[in-house]
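A, B, C, D and E are the chain letters, set down in written order, and residue numbers restart from 1 in every chain.
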Amino acid sequence: MIALLLLLIPFVAGLGSFAIKQESTAKNFSLLVSIFILGLSLVAVFTPVGASFDSSWLTDLGSRFTLKLDGMGKMLCLLTAVSYPLIFAAVYKNEYKNPGSFFGLMLLTQAGLMGVFLAADALLFYFFWELALIPVYFLCSLWGGEKRIAVTFKFFVYTFIGSLLMLVGILYVYFHTADHSFALQSFYNAQLSDHQQSYMFWLFFVAFAIKMPIFPLHTWQPDAYEQAPTATTMVLSGVMVKMGVFAIFRWLLPLFPNAATSNSIIIIILSVTGMLYASLIAIKQDDIKRMIAYSSIAHIGLMCAAMFTNNKTAFDGVMIQMFNHGINVIGLWIIADLIEKQLGTRKLSELGGLAQKAPALAILLVIMALANVALPLTNAFVGEFLMFSGLFQYNMFIAGVAGVSIVLAAVYTLNMVQSIIYGNLNTVTEKATDISSNIKLVLVIITLVIIALGIFPQPLIDLTKSSVEALFVKK
Amino acid sequence: MPIQYYIYFCLALFSIGIIGVLTRRNAIIVFMSIELMLNAVNLLLVAFSKVHYGAALAANPNTTAGIDGQLFVFFIMVVAAAEVSVGLAIIVMMYRNTHSVDVNFLNRLKN
Amino acid sequence: MSTVQILFSFLSVLALFGAIMVLVSKNPVHSVLWLITVFFAISGHYILLNAQFLAIVNLIVYAGAIMVLFLFVIMLMNLNAEAEPRKHLWMKFAGVISGGCFLMVLISLIRQTTELTGKTVLMKEGNIGLIKNLGKALFTDYVVPFEISSVLFLSAMVGAVVIGKKD
Amino acid sequence: MNAIIFSAIMGVVMMFSGILLQKKSAVTTTAIISLILLLSMNLLDSYSIFSFNVNTHDLLHFNKFGLFFNSILIAATLIFVLLCGSDIEKTGVNVADYYALIFFVLCGTSILTSFNGLLMLFLGIEIMSIPLYILTGAEKKNLKSNEAALKYFLMGAFSTGLLLMGIALIYGATGSFALQVSATMAASAGTIPTSFLQIAGLILLFVSMCFKVSAAPFHFWTPDVYDGAPSVFTSFMATVVKAAGFFAFLNLFESNTTILGPSWKILLSFVIVATLLVGNITAVFQQSIKRMLAYSSISQAGFMLFALYSNNDLAKEGILLYAVAYCLATIGFFAILIKVKDYTFDGFNGLAKAQPVLAFTGVVFLMSLAGIPLTAGFFAKFYMLSSVVKSGGSLWIVVVAVLFAAISVYYYFKVIQSMFFKEGVPEIAAITSKFKAGLILVAAAIIIIGVLPSIVLNWFYF
Amino acid sequence: MNKIVFLVPLFPLLGFLINGLGRKSLSKSAIGIIGSGVLLLSFLTSCYLFSIVASAGEEQLQTVVTLFNFISVDAFTIPFAFQVDQLSVLFLLIITGIGFLIHLYSTAYMKEEETHHFGRYFAYLNLFVFSMLLLVMGANYVIMFIGWEGVGLCSYLLIGYWFKNNDFNYAAKKAFIMNRIGDLGFLLAVFWLLFRLGTVNYNEVFTQVANLSSFDIAAITTLLFIGAMGKSAQIPLYTWLPDAMAGPTPVSALIHAATMVTAGIYMIARSNILFTMAPTTQTLIAIIGLATAIFAATIALKQNDIKKVLAYSTVSQLGYMFLGLGVGAYTGAVFHVMTHAFFKALLFLGAGSVIHAMHHEQDIRKMGNLKKFMPITHITFLLACLAIAGIPPFSGFFSKDEILAAAFTKNPLYYYIGVGGALMTAFYMFRLYTLTFLGKFRGTHDQEHHLHESPAAMTIPLIVLAVLSVVGGFIGIPEAFAENKHWLEHFLSPIFAESTKLSTVHHLSHSQEYLMMGSVTVLIIGVILFAVNNFKKFTGGHELEETGFGKLLQNKWYIDELYNNVIVAPINSFAAICKNFVEKSGIDGAINGVGKLVSYSSRQLRLVQSGQVASYLLIMILSIVVFFIIWFNDITIMKFLNKLF
């Protein structure tokens, strides 16, 4: 039941929010709703396993409206639920034309995300997969930057092609299930020859790879992140990217174990290439947003590589990294947005010396940056440590090559820090002021999460342990 | 008389009709070529009907096999008549507006 | 070479020649006249096949009504030879070629058929073509299409009115 | 039988209503009432509660599927008249005659949904087409309309010629016009040497049916005719008529496919791919939304052809669902299009500001056409694809289809972009609240079907 | 061993939090008191711990204390545990003790800073000490790694302390990144251990070391050593250390001389067993260490920046320590770490006091004759110089001698080269000393006018350290002088027990040792006198232009330029290619190309719709023909299609 609520409340609230005209009302409303959902998801997290919902939907197709809340789902719902209040609070002072629709669409996106994380039925999953995408399309095209329409459209079509291919895959598997049903379990039990698996695997993988995104299918991402309104960008990179990772765990690996193992080396090499490639490009980026985008591509690349090592340690790492990366990158986006709003530029070369004007910002930025380079005692470290050790056990050499990205990450992140907060003030940064209370609050919360999870990662690991176990039980 | 001859003949007629449609620009001539095609079909149908009749005749002296073919021809003629009335009406309407019956004269709709 | 064969070949040649003349003659009026010739030839074929009713209907409806209508329209528009401008030669060429291809393909298909060998058309005799039998069939088995075709005429009529009426 | 008889009668009634009634709106009302009557008659027939039983000597054959499909078509017509009635009145003087013709078309569709022989097929097609030639040319002073009418007529007549040649050859092979005969031959096609005459006939039949449903490479008339015809009638042609054509196509080739052997699938996949290609690719670069929709209707036809490709029960359900979804969306969107003066994309700029209701419902329609989930269009496509997958058909054609579907998103969303994301002041005809309500209802229906497609199908299965 | 262990790192952490958060509100004096007070507290705690450990003596004392489980997955569990044994407690004393002195010194040295920067400074300093303590006390490699990266971070923050100056920022970044390279090696080693043993706890690793194949050990040790290279500034990763002198002088003293840079030595000493079992790695270490020692020394000969000279001497001294580790003289290395901590910290602080007096003038050519103005600094500095030069009985002598002796037993060549380095050390140290304190003053007049002895807060640490560097050596008197007087060796023996078992060190005969010591000492004294006489009469300006070899040395063998051109520049240009070409034209271009293709083909396909009925019908007829042809040879087409899909 609680699963259904997690899904329905944002959906209904989102629809309702369209009616709201005044800015303040819309903001408060959505903020309250998101906080309420956060509370709800906390309850969900602490309820023992089995918080699920099931009702008949398309009986003649053998598809049921089934929601399931396992460890991984819990964690990602929590991530979604946590990130939304933060985002809403962070953009609380921003101006939006017809805010009702904006926040409505945001909430609809949340509903879609929740659905993706909860769905235990292939067709339902596909539904939410799209439902999460469409509001984003409107958000980006209506409230985005100047090149928004073209960029968003590219992003939309790109992901849409992916999901359509996945749909074909779903259909194919559906007709190979014993009891012609879309239910998760009967999908797991579907009998597929290795040959069939290898085809289906790619159909599914492309969809997820585009979403994550994995090199070389990533080119929509920097543009999209750059053009989208920051609140949406946060959702995109903080949560929506995790859809792909989640989907690989929930669908790809259990469905096509053999294909996954036989193709793992290709995908891992791709991902590692992507990591280094993205890091190199990030070094050269002069635009904060694009830099963050590329660094996030690099991090996702590591996750993807770790996911195909077929190694428990790595899986644990990916699980918690899903959460941590979400939190950290949101923090970085908030700061990037802050700087752009305040100084009207995102060019690193035009910034400098903010530490003198905005010490609080400087400190928080430094902490975010350290989390971004996965320094120990920040949350990112644990995840990357586990993933790397898993990757290392898969193949030492690849792990070593991938490790170079640690150094590169330090390079571009420190470049960013240095050129933003260090050095002398210039004409642009003269007018900078320290951050406003609401953003400071958000960032401090994020910082606390970063450090807390950096020192005590165990709760997260335990939360998702069951899901990891399940992945191995299947095989 | 072997049926092949009829088939060849009717196909030839039909093809001539097609060629007419393809090569002439005068709407009326084109339309006439179409009528030509229809007639080819008619003759073929009748010929076939007689073939089937002849085949059935051996078994049963007063069979009516093949009669449907000739009736079909009748219906074709009905339809043709109706089409002609409408078609000519359209051509006339066009002629009223453009003072031409050239099929390609109006070429606003393309690409 | 029986008379039937002679007649058949004569009529066929006539029809084909007329058909070709329909296409090649510049003046629409001539084409109409040639088409009428073709129809007559075909009616001849019908008679040869002892389908008298159709022969008559063909003459009355086609050669009579329809062709007259055509002629009427053409004369009303007094189209003459120059009315039709030259068409690109290659278009004509392509038309002929593709028509020929169509014919070739179909004929080659027919030539391969084993089933048709020995099937002959019953000439002259046979009474299914007589008005009595046809009428019986038409008003018993085929009454439904017969009635429905009235809808066809109705729509055609309405259509003609809608289009022709001045407004 | 009810549908045929009553549609004919209603047609006559409409003819006279033109003379008796002065006010055009009154005519429209009459049309609506008689449509409702027709629909109810047809439904009664399909529930076999009250129906005229004429001995058709197996020329017609009424089954539940056909009758239900027919009622869908009638209902679509009803919705069409409800939404666009006022625009039909604007088209020309003799409104009553237009309605009469529409009813005759319905008569033709009723025949096509119940024909059991090539003769009735032929008659049905003709009865359906001839009024359409007229409707296409309804705007007599408009040269585009004239041109469209002429083209449509000439090509239509030509394809009729091909159809007849096909029928003649089949008759030559089988000695009968009934479907069953060829079916029985098909059953034993493996044993006896396949009759080449019949094959030639079937191919010609196939071609002419492809022409009717505007499948490439026989689609050429579609863009020009749809573009030139008065928009109201375009939406009618593009939905009801095409759906009927599809039903006839399906019904005709349901049992005859085996005769053609392997080449059947080859020909069909060739046609499908060509149709999807031409439809989607050409639509991308259109300036006029109306013409874009014409091409998009071609691409939709490409999807519907999948029902033919995999003819199994899923395909039947699919074609039903597709007919419903496609008719609703297309009629709905055309209703909006008609209200906008300028048919180019820029004509829609800023519609969301000027007429939010139109814009939002428009988005629903377009998304349904594009096959985005939560709309009926999604399940329509979904059923089609799944039927192919189920029939064990080769997967590559499905992949091709979805890729083209992704392309189709491009031009559909271009409209959304200009409605929502671009600034402008569209000139829009007066919008009545009734019209808005109608649109909203249609959109709601689309979404409901999009969430629960089973309601349509359950209705079909009773 | 009880919970009190946690107090040691806890105090600095508290100090960091208080100073960090309250840096705006607290007054300078308060900050200073807190900052150094917490160090004093943890120093006292460490003394207590030391007493426990020392009293425990030979028999094994329970040394590991677990706080909580940091990471626990199926494959392995990593406790957040501390280990206090002889080795770590020794380092605790060094870190907290010297750390305290330097904090004290800083309170005076940093007086001019604004209050909140002052607070920031002490916060960083405390944080550094905290991480250093983690590094030393960690009971497994992961905790050590936490500290390892932590100190790297703090050094980054402190080098870039004056963040307005971008050169400093670059120096800081360089330091961090170079350390990262090393850290990568360390991390890979940790993964390797986890992979092979499933644990990283010292006790378990060292007991299960037998399960490792020799290749594994060699690889692991090499990777660990790479980590050490980064942290302890060995060839080829040493170039960050001289640049790190950008930070405030006390920082250089604490981080870049006394404590952080010795982390590498600590780590290797900690995992001595592994290294003892990997002779190849040991030779590698020895060679690299020796090379670094010589190489850095040569550079130091020609430097004119007082801190740069000290920096290079640090590098060179670290080289000696690695030489010690390489030849298996772990005790000697640790011993040298300790003594070096004393005198090098002293040198830096002295230099700091000089710089403080000279108003941030660091060029020794502009100094001279300072002994007259600042006697205490002068005396302490002189003592430190003697200590580092290795004049008996100063501390440096004993430690260095021990290492050299061990080197000799391993391979005499090591010894001779080592001695060469020692001589150079003596030379450049006394060149520095002479130019700074003797001769005549070469600075500007107002500088001369303002010259003064530093305040007590600065001189007290100097004095304390001076005493230590004089007497520090006596805890490790070699066998040659007195049997079993080598207290340190006994103290540390439990740590290195395993290694000593494995390695058969044949001791030199005492006579040999006397000979060596004597000769070396004589040589060194000679060099010192030469240096002093040579530079006494140095008077400013002329001889600035070095030529040939000298120029090469003055420019540090152009190593930085080399790195820039060979490594940094290529990477940059490659990245640029990726960004501007591969990404834009290559991948994204391909994606957009598809879109372009679609619209292009659309534009072409439109033309087929020519609007002419005839052409439409023509295509229809032709396609019918095609259909028939397809039908004619459908079998072959089927075959083809099946081949295709």
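In the analysis below, a contact is a pair of C-beta atoms (placed from the backbone, for glycine too) under 8 Å apart; a residue touches a chain by one contact, two chains touch by 3 or more.
All figures in this text were calculated on a predicted structure; none of them were measured in a lab.
Contact with chain A and chain B alike is made by D, E. Between chain B and chain D, the least number of touching-chain steps is 1. Ranked by the number of C-beta pairs in contact, the top chain pair here is B-C. Averaging the CA coordinates per chain and comparing them to the mean over all protein CA atoms picks out A as nearest. For this pair, chain A with chain C, the centres built from the Cα atoms lie 72 Å apart. If each chain is reduced to the centroid of its CA atoms, chain B and chain E end up 98 Å from each other.
Distance between chain centres (mean CA atoms), chain A to chain D: 43 Å.
Note: centroid distance chain A to chain E, computed from Cα atoms, is 37 Å. Shared contact sites, meaning residues of chain C that touch two or more other chains, fall at 91, 94-95, 98-99, 102, 106, 109-110, 116, 141-142, 145, 149, 152, 155-156, 159, 163. Residue positions of chain E touching 2 or more other chains, listed in rising order: 606, 609, 611, 613-614, 617-618, 621, 624, 628. Residue positions 3, 7, 17-18, 21-23, 25, 30-31, 49, 51, 55, 65-66, 68, 75, 79, 82-83, 86, 90-91, 93, 103, 107-110 of chain B are each in touch with at least two other chains.
Those chain pairs judged to touch are A-D, A-E, B-C, B-D, B-E, C-D, C-E, D-E. Across the interface of their complex, chain C is touched by residues 1-9, 11-13, 15-20, 22-26, 28-29, 31-33, 35-36, 39, 42-43, 46-47, 49-51, 53-55, 57, 64-68, 70-71, 73-75, 77-86, 88-93, 95, 100-102 of chain B. The touching residues of chain B, when paired with chain D in their complex, are 3, 7, 10, 14, 17, 21, 27, 30-31, 34, 37-38, 40-41, 44-45, 48-49, 51-52, 55, 65-66, 68-69, 72, 75-76, 79, 82-83, 86-87, 90-91, 93-94, 97-98, 103, 106-110.
Considering their complex, residues 4, 8, 11-12, 15, 54, 56-57, 59-60, 92-94, 97-98, 100-101, 104, 107, 111, 119-120, 123, 126-127, 130-131, 133-134, 137-138, 140, 173, 193, 195-197, 199-200 of chain D touch chain C. Here chain C touches chain B in the complex through residues 4-5, 8, 12, 15-16, 19-20, 22-23, 28, 31-32, 35, 38-39, 42, 45-46, 49-51, 53-54, 57-58, 61-62, 65-66, 69-70, 73-74, 76-77, 79, 83-85, 87, 91-92, 94-96, 98-100, 102-103, 106-107, 110, 116, 119-123, 126, 128-129, 133-134, 137-138, 141-142, 145, 149, 152-153, 155-157, 159-160, 163-164, going by the rule given at the top. Every residue of chain B that touches chain E in the complex is listed here, in rising order: 18, 21-23, 25, 30, 103-104, 107-111.
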